[in-house]
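A, B, C and D are the chain letters, set down in written order, and residue numbers restart from 1 in every chain.
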């Protein structure tokens, strides 16, 4: 069951005006929603710092013509198969693929898979994105 | 046609030792490969700063029980349909979904879609990941 | 005159518990104070994105034995003299100096000085820190 | 004694062109110097991750009219006196001060001081900048 708590925040009116402009520019419907996002983003950072169970995505752009590359990336993914939830593959052009993996595990394990995939010869760009299981971020 | 150019880099031997340890820890096969990644990552940052044609992923974690949320997220995606290449959806648990969108367009447009999706009430965590079309990053 | 406005924020009680733990760990006295800091940090980021009048610090670590280095760094600082408010110099050990410059100007100008100083041969590490004039962040 | 090692890097010529443009824009004199900076910046990040002896700066912007604020900030600095190397104070306008502290210690201790200072009521903006003792970054 979701239980909402309401509390008061006091802010200088200039600061509040600027914040209202900022969140309008980002399409937030209410201040509460914008503040919740700032809070959650900080908590997600902490989850990762503390090596908790979490979720991340690994984004790779590579040239599939590079010899053995697709095979190598698949091999690494199989080594960590129990952590990989799903994969999405997009053909960007004749040469380039975008691959995004959804990964679940301890923060440190996810970093390890990301490091190995990104370091593979032929991967042109790679990024680990840290997100969350959503639990405890109600 | 790929044309490789070779050039010399001079480094203090202590610095080189530390760098070799760092890249071994990240599983790079050669120094060239590790340096290429550092260089490409800097160039990708510049592509985004200069609002060029580029590729990004938008990662969302949300509770699909929130009233009308799935519908709202779908509506926003349709507004920007021509920019969205593909979507991946993962069921994290009974309540939570992970959705990753692959998006292609000008950096500023991609930021706009990301802002709108992340600001939607019920989205618990959202991130924009900046990557690249791969072109010009040979 | 400072005029405080008070408004209500509603948060799920689990999220609030986690946030309270986070801010206690960082020694915040009240939730309002912690939220003000999250808000101000976002606004400072925007000031820099929009090339407004702002304040930054440039942190340099270098080996003062490198031939002509001190002279070169001083020359660059004189080129931008009207922007540099103050400088602090710390002797870290027999070889290394830490120098921190306080700079005021348009965001883009400050980036330019920072780039030139950090790129100077012999500077081992350099960082630009983006802060604010404090105005409009009451 | 500094001992330079020279090694070869191979890069696609398009990538090299783009890199050359990037480093010219940042005023680097040579590719080696630009690559050394990329490498050192990565190593500094690792020093902090591993809680080694390091150096940082803490940048604070505050309104000195806030009751007891100057006193509180001084008290905290005295609690960590052995870690603080030096301080620079700049009067930004009638109300606002910029204070920059140079701090030396384990990464985790420095984060702690930074957290306490930044969380103090009346500090409008605060940032921790992670740099290095310079040792082992020849």
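List of remarks:
Just so we're on the same page, contacts are C-beta pairs under 8 Å (C-beta built on N, C-alpha and C of every residue); 3 or more make two chains touch, one makes a residue touch a chain.
All values reported here derive from a predicted model rather than from experimental measurement.
Remark: among chain pairs C-D and A-C, C-D carries the greater number of C-beta contacts. Centre-to-centre separation between subunit A and subunit C, using Cα means, comes to 26 Å.
In terms of their C-alpha centroids, the spacing between subunit C and subunit D amounts to 9 Å. The residues of subunit A that reach two or more other chains are 40, 137-138, listed in rising order.
With chains as nodes and touching pairs as edges, the resulting graph is a single ring in which every chain has exactly two contacts. Remark: subunit B residues 23, 25-30, 33-34, 37, 40-41, 44, 55, 57, 59, 61-63, 85-88, 90, 92-93, 95-96, 98, 100, 102, 104, 115-116, 118-119, 121, 123-127, 129-135, 137-138 touch subunit A in the complex.
The part of subunit B that touches subunit D in the complex is made up of residues 2-16, 18-19, 22, 31-32, 35-36, 38-40, 42-43, 46, 136-138.
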